[in-house]
Structure formats: structure tokens, C-alpha cells
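In what follows, chain A forms one complex with chain B and a second complex with chain C.
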Partner chain A sequence: MSTVTADPAPGRVGLPTKLRQSWDKNWSAWAMVVPVVLVLAILIFYPLINGFWISFTNQTEANQLAEICTKSITGGEVCKENPNAWSFVGLDNYANVLSGKVGEFWMWTANTLVWTVVGVAFHYGLGLGLAVMINRQMRFRGLYRVLLVLPWAVPAFVSAFAWKFLFNERFGVINEMLGWVGVDPVAWFDSRWTSMFTAVVTNIWLGVPFMMVALLGGMQSISDELYEAAEIDGASPWQRFRAITLPGLRPVSMTVILLGTIWTFNMFPIIFLVTEGQPAGQTEILVTGAFRAAFEGLRNYSLASTYGVLILSILLVFSVFYRRVLRKQGEVW
Partner chain B sequence: MRRINKGLAALTSVALAFTIAACGEEKSGSTETKAADPASLSAELTWWDTSDAKNEGPAFQELIANFNKTYPNVKINYQSVPFAEAQNKFKTAAAAKTGAPDILRAEVAWVPEFASLGYLYSLDGSELLADESDYLAAPMASTKFDGKTYGVPQVTDSLALLYNKELVQKAGVEVPKTWAELKTAAQAVKQKTGVDGLYVNAAGYFTLPFMYGEGGDLVDTAGKKIVVNSEQNVAGLKVAKDLIDSGASVKPSATDGYGTMMTLFKEKKVAFIINGPWEVNNIKSAPGFGGVENLGVAPVPAGSAKAGAPIGGHDYVIWSGVPQEKAAAAVAFVKFLNSAESQAFLAEKLGLLPTRKSAYDVASVKSNAVVSAFKPVAEAAVSRPWIPEGGQFFGPLDQMATEVLIQNKDAKASLDAVANKYKAEVVPSYATN
Partner chain C sequence: MAQMTTTPPITAFSAPPPSEAPVNKPRRGRRSIVASIGLHGTMIVASLIAIGPIAWVLLSSFKPGYAVQSSELTLVKDPTLANYEYVLFDTNFPMWFLNSVLVAAFTMLLGIFFSATTGYAMSRFNFPGRRPLMMVFLITQMFPVAILIVPIYTIMAKLGLINTLPSLVIAYLTIAVPFCAWMLKGYFDSIPNSLDEAASLDGCGPFRTFWTVILPLARPAIAVTGFYTFLTAWGEVAYASAFIQEDEKFTLAYGMRQFVPQFNPQWEYLTAAAILVTIPAGIVFLFAQKHLVSGLTAGGTKG
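What follows is the complex of A and B.
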């Protein structure tokens, strides 16, 4: 850098020369990289940066235009300056959201954490259990596999509506079945945690097949010789599971847990369709709450961007933390 | 000579009569001048109908067929768009300046919002407003924003007390006029027939009759003040809460409350509900209900101040992105759809309440039991705040209704939270209590 300021000539000549040499040598690589960089810039970096920028303004649907024009059906158009045109507001949006003045950020965050942790724990636990069961030689194995993957094949909104109906307070099958064993019908959607329970159950039902298939794949890549050797050494099934299956599944598990966490965290349709955020918005998670706050009624673009940036930040912090934990355990990923 | 004179006089008088008739016709609607040759009007128009596709849609399609008898070269692309999606869909399309329908059936609260965003044609000076005085004042008010008119009212409605005549008769009770009377009537129904008396839907719009009944309101647009957390509204909610706590009303559910209410009413499992004329056709065709003969309609019961229900309904609006060449066709279509005859047709078919005074004079409307039952209801309806933010009042209000009526939270505290939300998110320039 100092050489450049002291004697600009080599820098000016040097860089183009270097570039030209590089181009001469690797022109094909350059030519192939450029479209990708362009596409990424247009599809990802521009919206991302634009989103950041909008979150520092107070842009909404109503104030995004500097002037509003009214056309008359008889011809003619009157334009007048928008008295409330948008402006830069600094960190106001973040202050409003984080202080709870607008929306219910902290309640949504708490809901999201419960939703994600419980969901992923059950996905992984049940998926692992089913994968172990199905990995053994048994009759009708193919049939079981098909049946267990079925929830995955049904479109999510269909399952959501089905479960919502099952939990219906008056007409639902679940309350009817509770009635058979003498339990009073439960008003599932009347309180925060029973309502959340219905959504979590739906999500578990939907998410287990993926975990099962992924873990089954992982198990089949573990060498049979290891099990045979362990059996000869007299290891019990539980010991074999702990000493061979679990460590062998580790790379797969880490990936699917990370994926599952991000997916569940951002899982929109289940909450939106099953509980609808009821009662009174108390089961809203970050993505659904942000959607309602920003897009129901007047569209508040700046608020939506603010939520977007906050959600992205939470997920970034999580993945950085997760990677660090993995690295500490010697996983190169 | 005399004969000739006579003949001439007769001729002149006939000619005179013709001219007068022609003049009269010209005066009655300037369309007639253009309609001299409706076939010359040629365009393709898209119409988003937000009415119920199954119960109401066919009647509107019949109207289009009638329209095409006079205007064979105006093709109408009829698209049924679910009411719940139409607002967002229209805004997305209008903001993108492409894909919005030429004509939209917009809910009354949407009109000022769309107009403030520049998405609608102002109709001032067009023949659509030539006979503006024929429209009822309350629904007409919803089409105005900032001194201009952006739509014509298609249908007006309001909430009323709907009841199952058979059950009410069996219980031997009078049709209630106050909330207190409703409470005793509902309890009597439950005692005598074993069927639930009342279903109070825990949603914002449906709590308004309770609030209006005590003299409350949401905001004071003239004084630019948020009054949603007033004493009157607290008192109104207590009335509603008492109906539920005393067992007069079924305990409402937090999701699908509206659907549950309708299912129970149609299956004769509840005697009284509070709902609007838009469900009449649905109730009428429900198997086992007993048809429209069994449906009773009364104004919403009164609180300590008055009986008040919110005004609702829909307006026809024209998207501002429609090219000027198509404007004449769009105007002709809306004019036809909203003529007194068409309104009378819809009233007869669907029980929709006309917005034209002249439509109420049509014989078939006059003799329609449902329409005449709803007419006083609509006339007494309380106007809502016609500001662009009007539609956003209901989100916080819905939450409040769930909290108070289902979760037993304190009405005052919940209403205070609504007021804070209005101040922070909906109308920041308004003063709070």
C-alpha cells in the first residue's frame, strides 16, 4: 500500500498487468466465475443490503411514494406531494421492536425457542428410534418404510388442516376419544401452551420422516464388520448402539440437527394454519408474528426488514456457536 | 281545414310527446346517449368478485350474462377471489402496476385505504355518480376519501340478532330487545328445549354491538382521539362476558369461532346468534334448518345507551391502472351491476340489502321478508371511521376479544393494550385518553 502512495506508477501498471496475466492464464476460470458472481450479487447481496437499508427507514406502503397521483375516470390526473413521505429513522425500528413498543418480539422469541427445541428434540429422538427399528431385518420392512415416509409426502398445509380439525374443541376426534375414557373435552386453542402443543404435535408428525430417512442412510453406511466384531467381543445391543451406531451417525446427525433447527425455526405454515397464533397471538413464533405485524393491514416494509435482520442475526449467532462447539469436539465441518 | 288542423295538432302533440320522452330518457341517464349503440363499446374487463363463490357467485354470473345481452362486445372475465385474500392480492398487483382487476368488489373499509395509496380511479363527474342522491347516506359515506368519491356502494349490511323461530317459540319467549332480555331468553331456551341459547363470537367486529350499546366507539375521527379504552367499552364487554359466564351463551372457541357459530346455528343446536345478512342464503339452504321461514331477524339488542351495530358492506371500485380506452366500458359495467334492477335482482336471489333507495321500491324487494327485516337494522347502523387505517383497527380488537371473552383477562387492561397498539402502530397522530 505504501509503495503505491509513494510511487503510483508501479501500482497503476502493476495491477492491470497482473490482471491481464491472470486473464491470459486462467481466462476460462474467470469467464465461468463472472456469471455466478453477477447472479449472486443480484439475487442475494443486493436484496440483503437493501433490506438492511430499509430497516433504518420508516418505509411503508403508504409513504413509499414521494407523490401520490389520483386519476379521474373522466380523464385527468391530480398529483400531490405525499405529506408523510418516508425518511431515515436510524435505529428507531430496532428500538421499537426490542422494547416491545411494536409487536411482541420477546414473547415470539420465547415461543420460537420452545417450538424449535421441543420440535427438533422429538424429530431426532423419534427419527432415530424408528430408524433403528426399521434398520433390522424384518417382514414387511418395505411397507413400514413407505408408511413412515407418508407424512412427508402429504403437502404440509393438508396435514396442518387435518390436525387442526382433529384438535377442534367441539367436533374434533381427539376430544371425542378423550370422552371415551371419561376425560372432559379440552379447549385446545384457549390457552397458550395447549395451543402450542397442537402445533408442536403436528410439526413432529411432519418432521420425523425426514430424520428417519437421513439417519437410516447414515446407519447403512456403518460397516457391518464393526457390529460383528463387537458381537464376538460380547457387547450387548445397548453397548453396540452407544459405541458404534451413535458415533457412526455423528456426521449425519450434526448436519440434520443443524438443518432441522433452521427449518423448524423458520417453519411458517404449521403455526399459521394450525393455531393461527391463537389465543390472542400468544402462540405466534418470530416468522409468523413478523409476517402478521408487517403484512396484515398496511404493509410495513421497514418493520418487515427489521424483523428479517433480527431473525437472520439470531440464526447466524446460532450457527457460529454450533460450529464452534463442533470444532471443539474435533469435528471438521 | 279543420280536419287538417286537427290532424296537424295530433301530429304535433305526438311529436312533442316523443321529444319529451326522448328528453326524459336523456335526462334519466346520460348512458342512454352512448347506449344508443352499446354494441360499439368493445373491451375486455376483469372483475374480482369477493362474494361467496358457492352461495352468491352464480347470481353475479347471471347478471353478467344479462349485461352481455345489451353489451355483446364487452367481455367480462369473472374471477371469484376469496374475500380473505382479495385485499392483499389487490394491493400487491396494484403496487406492481400489473395484474390487478379492472373492477373490484371491495369491502367498505378497504376503499379509503386503496384510495389513499392512489390505486383507485376517482369517479367524480362520471355518470356513476349522476344519481348519487339515490344512494343511502351511510353506505355512500364509505366511498369518499379526502373530498373525492372512489366507488359506488354495492351492498350494505350490519349485524342483527338472528334466531331460530321454532326454538324460540318452543321456549315460549319474546324476541329480546335488550341484552338483559336476551340473557333470560337464552337461558329459557336452554331450560325448555335443552339446546344452547346463544353463541357470542369472540371476534373484534362482533364485540362492537356491545360497545356501541353502551355508547362507546373505537376512535373519534373528528377530535382525532383514541377512545377504545373508554368506560363505555369496558361496560359493553362486561355485558358480553356476563352472557358467557352465566351460561346464556355457549363458551366461544378461539379458532374457527365463526365457523362453529354457523355450524351450530344451521344444525339447530343454538337458538340465537349475532350475524349479518350475508349468511341468509347459507342458512336458507342448510338442510334441516327449515328454510328462511324458520329464520327470525331482529335488530341487535340494546345496551344501556342504545342498540347499535357496525355498518358493513361492499363497494364497486375501478383500478386506477385501467387504460382510459377501457374506462367507458368499465363505467357501463359497474353502472349495470349497480342499477336498481340489478340490486333488486340480488336482493331477491340472495337477500342482499340494496344501497339504492329506489331499489327498495321494487315490488319483489318490498315483499322480501329478509330484506324488510334487515332494512331497519341497516338504517340504524353506526358508521365506522372511514380513514385509510380503518381496516387495521380489527387485528388488535380480535386479540382483545379473545383475551377478555375466552381467557378471562380484565377488560380494562386489554382495552388499554389495544389503545396503546392503535397509538404505536395504527394512528400515531391521534391523542390517547
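What follows is the complex of A and C.
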């Protein structure tokens, strides 16, 4: 960072005064921010633009080199132009993907929407319910809190394996428990929606603790006086919950719902490891589908990038819309 | 609190009303017995669901293979440490473990450092470019692995970093730092500015103020940040499977897949490995958990 904090050369003539003043005042702030900005620029924005560009080409693993080099007998290298090198194809990828000619974009989108909406709804609902309960004085409160947050400490891929194990057709606990109530074992991964169900359950289990902790934090910042005043006015618990707790939680709720939606939308390991797209790719979500396009079979980089651009567009539209709704309601954020 | 009367749009998702308790935070003893049973009953069921899968994997990890893959379910059956022995001594697991520890530790240390300095700058200085930067940090959360992974792979290949652990550290930092900086900025906002002013009157520069005054106060948030970064690195799958090609350099997330091939999965080894993998995360978690609520609050409310 020392390179950036170099002497701001006071009094240099010709430099616009405003800029210099800003530099004098802010150099330390910029110095603190610069490393992160640099890394983000190199590893997020350059790749983003690059990925954008690749989505307009037909680049795959096979044709990505512009030259093919072969070792000659003498030991030197001979390079020839690759006759099948990739080329610019315009919007072909988008047309192919959106028309369903290549891949299963619409099915994957449907899966992703179900996956995200159900996941976030349960994360938030259960997280809120548990936070409300654990926010009270009660015995063993600390213990409950640790136990309830525990799933957060388990790495996602371990949870994925654990749940795949629980849902196992032949010796899984869940089929066994269904047996106790007289239900036949279910072949979870043999049909689209049961398979999706296993992934969604896993994801819900994994995501509730974060919501609970965030909402609990939000609740603790609501002043007790409001509750006391409401009680004196004779408000019922339900009224107090609706009139004080929920509005008080708004800023936290808005942030965690937005983040939760984005995270769930792009949640990779659960689908990748629990359903593995079974049966026959019918439970793939957009992110895992794109990953498979890029790194399995013939590595179709351009196709993967096309999916990436589409995913990003969906999320951007959602966020803009979401922010607009918030702003209409007078939210500062 | 001005909009207290507006109905928030989130009501649709809200949990059942806390109808039984008389007040939000009643003193103990004011709750009826029925309400107590209801409350503790719910908490116990929820806790069981939370720890159930982990407990089941733990129990299974001590069973021999035939008992794990048997349709007859028992809590304990011929307990043995054979699975752990196999995983620890007959596979590359220790290697993967070491790789994961290195990657996660470096990601955590660098992640805390970068997100703390950035968060502090965003909280204390109103420099031009601050607001756009906040937006950028939020937007980076939206970038799917799918669009970045191929170009990042190409960059890493050009730098000769493919199949090395640093490539993973760098990739994970880009995931964790924006979010953590955002969260820490919120937390720093809640630390009074007067402390900075006092420090600067005492002759501290911005860096010293940050290091000696603000950082110690931000311990809860730093703990949460560290926890989050560690877990991000410890559990990431996509980059790990794309960048690393040699068995010896795998991290746990990818290496463990070898225990569950499509056909003939070896669940007994997987369960043992799963427990071993969870232990370090659990230790980090124990250190962080006291701070989780307070550390996340400010970030969430003031983001």
C-alpha cells in the first residue's frame, strides 16, 4: 500500500485545486480501498467483460487456441493457424439457449425460481419464528441458540453429503421414518420433484441459522420502551408483533431477503452434490447447468458464459425492481 | 419508527404469531405452564432438527460398512474406529485436509485485513467514489460463478497458477471481501466518530487510529467476518473442482467426492471424513458464536 500513499506533492502548479484538496483529504481512504478495488477489477470486472465477450463467440475447449503448435523432430516447435479456431457468432448462443435448441434453459429457470422462492420463504419464515421465540427470557436460551446455529458451522458440501445420505433410497433415515407411519420408501432421486424436494430441504436446513441470527440481532436493536408502551395501551401480542417487531425489523429484513435471494439463486454445491441433476438433468438449476456446460464433457465455454450473462441479467433486473419498490416506500437504503 | 403503521410486504412470510406469551420479554415466571411447554417443546424440536443430521452422520461414522449400508437402522452397531483409520491412513485425506487448512487460513487472514481496511475507509471518509463502491460490492454478490469461472480460469492459467493453492485463495477473496467489507462498514458506523477524533488529537494518523482504537472495538464483527471467510474457503466446491487437477492438491470439498462415486458409494468412509471436516469449522464457530448476533446486527441494519 505504500506506493499509493506517496507524497501528494503539495503546491504543484497546474493540478486542479479541487482534485488536490480531495487527494490531501482522502489519500488514506483511497489507500485503504485500493487493494480491494484492484483485485476486484482484475478478478471480477475484467473476467466479467471477458465472459460477456465469450458469450458472443463459439469458443469451446477444442477451438480456443488461435494456433496449434506441434513439436517437430528437430525439437523446435512448429505453429500453424488453427483451421477450426473459434469465431464471433453474434447472438447465436442466446438464440440457441432461449429457443431451447441447446440445453434446457426454461426448465432450469423454472427449477431455479422454485428453488429460490421456496428456499428464501422458508429461510425467512422459520428464521423469524425462531428468532421471535429465542428472543425471550427462558431457561437454556444460550444452549438452544448454539444448537440452532450449528448447521451454519457445517460446510455446505458436508451438509449436502449428509442429506444425500439421509435421503438414501435403501438405507436412509428418512425412508425408514416414513416406514414408521406406513409410507412406502420413496425413490427420491428418480423423479424431478422428489429430487428437487431433497435439495430444497437441504438448503432450508442450511440457511435458516443465518436468517435467525440476523433477525435476532435486528430485534435486539428495537427499544423495549415501545413494547412497554404498547402493552400499557392494551395491544395484544399479535398486534405488538405486527406493529413493532415487523416494522422494526424492516431494514434488516430487506437486506437479508435481498442477499438471501441472490445467494440462493447462485447456490452451487447443494444441487451439484445432492441431486447431481438427477434424474437426467431435470433438477439442474441455472448455475449448476452452466458449470456443467463449462467443465464437463466438451468444455463449452461460450455456452457457459451465455448462461452466466443470463443469470446476471435476471438478478440485476430483480435487484433494480426490489430497490425501486423499497424506495417507493420511503426506505433510505 | 415513522412507518410503524405501514404494513411491510414481508408479512406473507411471517411466522405464526407469538400468541401465548404475555409480553415480548417477560420476566421468568409470568408465562403459563402451557406456554412454557409450547415454547420449550418447539425449541427442542427445532434443535433436534438442527443437530439431527449431524448426529446421525456422527453415529454412522462409527459403524462398520455393512451396518451403514443396511436397511435395518440402529443407533449404534458394532462401534469401530476403522472408518477413521482408513480415511486418515489409507487415503490422501490428510493431504486434502492440510490443503484446505492452508487455503482457509490464508483466505481468512487476508480477507479480514482487506475487508477491515476497506470497511473502515468506507465508514469514516466521505471520499468521492464511496457510494459507487458500496453498490459495486453489492453487485459482486450477484455474479454467478458460471460467468466468472472461465475467464478467471484463463487468467490463472496465464499466471501459471492453475493447479496451485494460491489460485484458490485469490478466488475466495473475491467472494468474501465485498460482503465482509459491507458488513464491517455497518459495524464501524456504529462506533462513535468521537473516538477517531480523540485519537487524531493525540497525534494518531488514520492508520494508527484504525489499528489501535477501532479494530479492538470491532472484535465481534471481526470474529463474524473471520468465521464467514473461513467457511467460504473451507466449503467452496466450484472453483476447487475447476482449478485443481492433481489428487494431492485437492481440497476437502472436492477430494471427498471420491468416496461417493455414482456407483458403489462408500458411505462409511464419507461419514467419517464428514465429521473430520466439520471439526475445524466447529472450532472456528465456537470462537465466533458468542459474537454472531452482535457482529451481524450493525452490518445488517446499516448496510
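Note that the second predicted complex is superposed on the first by the 280 of 333 C-alpha atoms of A that agree within 3 Å, B and C clash if a C-alpha of one lies under 4 Å from a C-alpha of the other, contacts with A are read in each partner's own complex, and residues count from 1 in each chain.
Criterion: contacts are C-beta pairs under 8 Å (C-beta built on N, C-alpha and C of every residue); 3 or more make two chains touch, one makes a residue touch a chain.
Fair warning: this is a prediction, and the values are worked out from it, not measured in the lab.
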| item | value |
| --- | --- |
| Touching partner for A:255 - first (chain B), second (chain C), both, neither | second |
| Greater residue coverage of chain A in the superposed arrangement, chain B or chain C | C |
| First (chain B), second (chain C), both or neither touched by A:197 | neither |
| Touched partner set for A:298, first chain B, second chain C, both or neither | first |
| Which superposed partner A:205 touches (first chain B, second chain C, both, neither) | second |
| Which superposed partner A:275 touches (first chain B, second chain C, both, neither) | first |
| Partner chain in contact with A:94 - chain B first, chain C second, else both or neither | neither |
| Contacts of A:322 with chain B and chain C, given as first, second, both or neither | neither |
| Which superposed partner A:170 touches (first chain B, second chain C, both, neither) | both |
| Overlap of chain C and chain B interfaces on chain A (superposed complexes) | 164, 168, 170-171, 276, 295 |
| Complex contacts: residues of chain A adjacent to chain C | 22, 25-26, 28-30, 32-33, 35-37, 39-40, 42-44, 46-48, 50-52, 54, 121, 124-126, 128-130, 132-140, 144, 146-159, 161-166, 168, 170-171, 173, 176, 205, 209, 213-214, 216-218, 220-221, 224, 226-227, 231, 237-238, 240-248, 250-253, 255-257, 259, 262-263, 265-266, 268-269, 272-273, 276, 286-287, 290-291, 294-295, 301, 304-305, 307-309, 311-312, 315-316, 319, 325, 329-330, 333 |
| Of all residues in chain B, those that touch chain A in their complex | 88, 91, 95, 113, 115-118, 121-126, 128, 148, 251, 253-256, 260, 263, 318, 320, 324, 327, 330-331, 388-389, 391-392, 395, 398-400, 402-403, 406-407, 424-426 |
| Interfacial residue positions of chain A with respect to chain B in the complex | 61-62, 65, 68-75, 96, 101-102, 164, 168-171, 187, 189-191, 195, 275-276, 278-281, 292-293, 295-299 |
| In the complex with chain A, residue positions of chain C that touch it | 1, 3-11, 13-28, 36, 39-40, 42-43, 46-47, 49-51, 53-54, 56-57, 60, 68-71, 73, 114-115, 117-118, 120-122, 124-125, 127-130, 133, 136, 138-152, 154-155, 170-171, 173-174, 177-179, 181, 205-207, 210, 231, 234-238, 241-242, 252-253, 256-257, 260, 262, 267, 270-271, 274, 277-278, 281-282, 284-285, 289, 292-294, 296-297, 300-303 |
